[in-house]
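Both complexes below contain chain A, partnered by chain B and then by chain C.
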Partner chain A sequence: MTKRRKKKNLTAYIFILPSFIAFMAFMVFPMVFSFYLSFTDWNLFGKIADMEFINFDNYAKTLTDDYFKAAITNNLMFTIIAIPILIILAILIAILLNKKIFLRGTIRAMIYMPYVATITASAVIFTVLFHPEYGPINTFLRSLGIVNVPGWTMSSKWALITVILFWIWKQLGYSVVIFLSALQGISRSYYEAADIDGATAFKKFRYITLPLISPTTFFVLITSVIASFKVFAEVQVMTGGGPGTSTMTMVYHIYRTGFEYFDMGYASAVAWIFFVLVLVVTVIQWIGQKKWVNYDA
Partner chain B sequence: MVKNMYKRLKKKNIILSIILLLFSLMMAMPVFWMISAAFKYESEIFDFPIKWIPEYVYLDNFKTVFNDFPYVNWYINTLIVTFFIVVATLLVSSLASYAFARMDFTGKGTIFAIYIATLMIPLEVRIIPQFIVFKELNLIDTHAALILPWLFNGFAIFLLRQFFVSIPFELSEAAKIDGCSEFRTFLQIILPLAKPALMSLTIITFTWSWNSYMPPLIYINSSTKQLISVGITTLRSQYVENFGGQMAGASLALVPVIIVYLLAQKYFVEGVALTGIKG
Partner chain C sequence: MKGIKKLIASILMVTLLSTLFVGCGADENSEVSKDATTQGSAASKDTEQDASNQQQTDEKENITLEVYLSHTDVAEVNAAIEAFGKEERFSHITLNVADEMADYDTKISVMIASGTPIDIMSLENPIKMHNWASAGTLLPIDAYLEELSINYSDYFGEAGARASQVQEETYLIPYAQTKWLLAYNKDLFDAAGIAYPSATQPMTMDEYRALAKALTRGEGEDKIYGALQLTWPQFWYAPAILELGGGEAFYNDKGLSNIENPAFAQALQFNYDMQHVDGSIPTYAQAKISQLKAISFMNGKYGMSLLASWALPWFGNEEKYPRDWKVGLAPMPTVSEGDARQTFGVLGGFGIPRSSEHPKEATEVALYLSEKVAEFTKGEIPAYQNYDPDELVGAILANFAEDDVTQEHIKAILLDPKITSVSEKITGINASQYETVMNEEVEKYFVEEQDLETTIANIKKRADEIILMD
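Coming up: the complex of A and B.
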């Protein structure tokens, strides 16, 4: 290595050093430590020296833990229901917003607003809006003549749906803005050529728009699937995981085990299962994208 | 004249505009409802049809919230923590992303790839060990515990790199010919040009930190040191049937963020586009 090259490297490393120290301290070390903890029986009140290694016991425990099973099921249900609605709605709104309309700025601002709104405060609003007895939503439904109004957050049948509604409301604006910027990047000439060939609006959407925004769709898909896995504040504020276990989620389970029952070893094991799940989903999507994502344009 | 106007109207789709406007009003409805309920008597809140503008402006909801909770502290704490998080993110991440974008060194690709891969590691996996470390360092119930982890921010490094790469390289070369050191080039030439990106990042970080919930919930115990996002939930659990109080508290938490958002909307959208576009 030449002297100049060495000097160049050194300067660059100095630029990177602060972030690298933080990376070791707040990424690498916690990950390694949490992996180790997941094989121990340590609880918060014990001394670190008393930590005992218990092999795979924590992982085995998840198989018989009803809360864990409920959490995984609810998380999957949540993602399967929420993601298609979110993405289809976001593409639709973005396409409409991309047309010549009045008040575009105002409309976009209002759609994006929930995304910046403080999550706990908005969750509090939703619980009141959806209050089974007094809430305006049910009052409205009753005024339409519906007698058996849903119990929303207080019914085990509707609680997860209520959280999903809230989540979509909160996420939609972000996805719309991303799709909108992708749509604005598509050259008009594609559509003009299609017009000359007499293509219908649907055909233009199917054969021009959809393939050209596919990288964006993929990006939104991955980020929102991961976000949907992480649902926590929503559940904690709106339902507390209940009624019963009907809205228990993985992250809420980690929080409860670790910080309400202080069982840090078991909580770490659940956290690692959660992490691996996030990884697997991401990898599956990476592999799948080659079939439908078009990076040529 | 009339014909002209007709043409203009036809160019923009009226029906579509109305549909979209109704939809966006529906999206904003919870926020409007909250603000209106915050100024109402308890008995008026659930009147149907909804009276959007209260008959009397009733301020007692706000008074009780300020009396019952250290709301001013929550505000100040949130602002302080947010400020330091933004500073930490900007300082550390802009340095690193400058190196990734505009310098050539051994291991660049690998380190960058590893940094970006951390975007996939959820906070929830790291928070237990972090808690233990902060407990050993006596940092529990201090704001440092909320700020320090932000010294590494893979997202910010990614976003800034995208922007730094787009600045013409001739500028750096000219600076070098004039005898500018790498650090001076960074500080005096590239950073000023990156203002829009830094602004976007500031806004994004601001909303994140204003919204972050799990860290303050776990690290902060005393009510006077708490942040708004968690404070609001303690307010809710005490005001079980006081919906006016709940809405006043929620309004106080939401309205500043919404004002910041409305003022800086441009940067929000640009920031989102900057990260999303490359997918």
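Coming up: the complex of A and C.
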């Protein structure tokens, strides 16, 4: 390597050094330390030197922890229900917003607004909208003649659905923007050729649009699935994990265990199990993408 | 051109590297000076006092105590801190009172865990005290009390001294004791044509329920409720702990959950009926979604409310809590006719965290503040025993200038020696998690998702598992 090249490399490394140090200090070290903590009984306040190594007791505890089982179940249900709805809605809205419609720019901004609004304020307002007795949603449903209106956040059956609805509403704008940019990147020549061959609108969507935006769909899928697993603020503001444990999520369980009950060892174990779960889901998606993601265009 | 590029690259590199080291360092001086500027007048007076007494106190090391309180607007505590600033024997000590923090419990625990020096913190109720003491967050202060020759029972009474302990070690320096009572909106009673409750003789719970039903009127958002209901669990288990003798009754004689005692089921049913049968109190769902708080009573839409004595100063604070209606006070209802007079409450006060750098001085100062809270009370009932009851009554009465509340009323409701005060909170092993599982199951009962029998059975099963975890 020439001296000049070495100097350039050194300059580059020095530029990335602060970020690297921050990454090591605030990402890598906490991860490694939390893995170590997951095998101990540390309670946040005791001296590190005094903590006891308890082997796999924390991991074994998850097998009998009702909150852990409820949290994993709720998270999986959340993802399975929310993601398909989010992606389908986002694609359809992006297609609509890609056409020349009246007030297109304003509508695009309105769709994106929930994404930038603060979670806490939005969640409080959403909760009021879905008030089982006085909220406008149930008032409207009653006006349609529905007698047994949902209890929303006050019903074990509907609380998770309510949080899902809020989450989709919040995430939709971001996904729409991503899909919109993908749609705008598709060459018109494909559609013109399809028109010449007499393809219907559905066939154009099925054989041109969907395959060509598949890399974007994959990206939105990965990021949305990870985001759906990280649900916390919505639960804390809207339901507190209840009624009962019907909206308990993994992150909420980890937070409560670590910062309300101070059981950092167990909270770390749950966090690592959660990490492995998200990793497995992501790997499955990565392997699955070979079958349906089209990078050739 | 190349030389200029090199120069720019070098300047950028140096800037990046220097910001790295500057950013990593904590600027303690600015934190201290920021806290100092936001302190009450006590700190600046302390500084002046320190300067003038410098020669005399040279042999005592000047120290600063870091104080983090959950609420910084308690008038008595602020008056006590101001008095501290004038006290000569503490002229070598400066109090640094930090700004009030949102989410106090989480933040203070993280600060203590990270070793931030905190000398005095708030302990609001026994559950928090047990939680923090069990986790090793707090220092037991018995050794310092011995050094200071303090007899805790002389300060806070036998019951107070015991209530300040966890496993026979003292952690709490109490400054206030709460007692619950009944407050009522006189204007709503007048509108309903109902006579005011007696201020000296308690009504029964059944009479309370009947009154609430009679006061309730209207529908929808303009509905006037007979009584305020919060999601706090003592709003439903009040009759049970009054009957059974306090929060210790959540545990049976084997140390397991006592929730199967019929008193708890009766209390749950009683509250459920008021919500869903009478409609005289907000349902649990309404209380939770509307985020009703104790202060909601001040909006004038509730005929009555069970209230803690720490709320009494609200009625005198016209600026913060303006009201155009008159309030009356009555004793805590009893469970049955002829029962002995009872109420429930907790001790609240200060604790000394493990991260304190001056625990003995912090203990001494906290005890001093507790004494002074008793002297400067504006309505909080002091935990410190040696206070002038007439002054306390006068301070409480000052909040009810226009309400026709008399000295006799206050004495009968709060200070009658015949009133037994029992502990308000679950008091025992893993109380915090016990309360959590109980709240989860009770919530499902109150939103009509499960019946009473299932609720009791679930609480028993889950609470026993939690107790046996210890």
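In this text, the second predicted complex is superposed on the first by the 295 of 297 C-alpha atoms of A that agree within 3 Å, B and C clash if a C-alpha of one lies under 4 Å from a C-alpha of the other, contacts with A are read in each partner's own complex, and residues count from 1 in each chain.
Please note the rule applied: contacts are C-beta pairs under 8 Å (C-beta built on N, C-alpha and C of every residue); 3 or more make two chains touch, one makes a residue touch a chain.
Because the structure is a prediction, the values reported are computed rather than measured.
Partners chain B and chain C, once the complexes are superposed on chain A, run into each other and clash.
Judged by the touch definition given at the top, the superposed model places A:T249 against neither chain B nor chain C.
By the touch criterion defined above, A:T153 reaches chain C but does not reach chain B. Touched residues of chain A were counted for both chain B and chain C, and B has more of them. In the superposed model, A:S224 makes contact with neither chain B nor chain C.
When the two complexes are overlaid on their common chain A, residue A:T79 makes contact with neither chain B nor chain C. When the shared chain is aligned, no partner comes close enough to touch A:N58: not chain B, not chain C.
Of the two partner chains, chain C is the only one touched by A:F45; chain B is not. Contacts of A:D66 after superposition: chain C is touched, whereas chain B is not reached.
When both complexes are overlaid on chain A, the residue A:I178 reaches chain B alone and has no touch with chain C.
When the two structures are aligned on the shared chain, A:E260 is found in touch with chain C, with no touch to chain B.
Across the two superposed structures, the residue set of chain A contacted by chain B and also by chain C is 11, 15, 18, 21, 127-128, 134, 259.
Across the complex, chain A is touched by residues 11-14, 16-17, 19-21, 23-25, 27-28, 30-31, 33-34, 37, 45-46, 48, 50, 91-93, 95-96, 98-100, 103-106, 108, 111, 115, 118, 120-122, 124-133, 136, 148-149, 151-152, 157, 182-183, 186, 207, 210-211, 213-214, 218, 228-230, 232-233, 236, 243, 246-247, 249-250, 253-254, 257-258, 261-262, 265, 268-269, 272-273, 276-277, 279 of chain B. Those residues of chain C whose C-beta lies close enough to touch chain A in the complex are 9, 12-13, 16-17, 19-20, 105-106, 109-110, 112-113, 131, 135-137, 220-221, 283-286, 288-290, 354, 432-433, 440-441, 443-444, 447, 449, 462.
Residues of chain A touching chain B in their complex: 8-9, 11-13, 15-16, 18-23, 25-27, 29-31, 33-34, 37, 48, 93, 96-97, 99-103, 106-114, 116-122, 124-129, 134-136, 139-140, 143, 169, 172-174, 177-178, 181-182, 185, 215-216, 218-220, 226, 229-230, 232-233, 236-237, 251, 254-255, 258-259, 264, 267-268, 271-272, 274-275, 278-279, 282. Chain A contributes residues 11, 14-15, 17-18, 21, 43-46, 66, 127-128, 131-134, 151, 153-156, 242-245, 259-262 to its touches with chain C in the complex.
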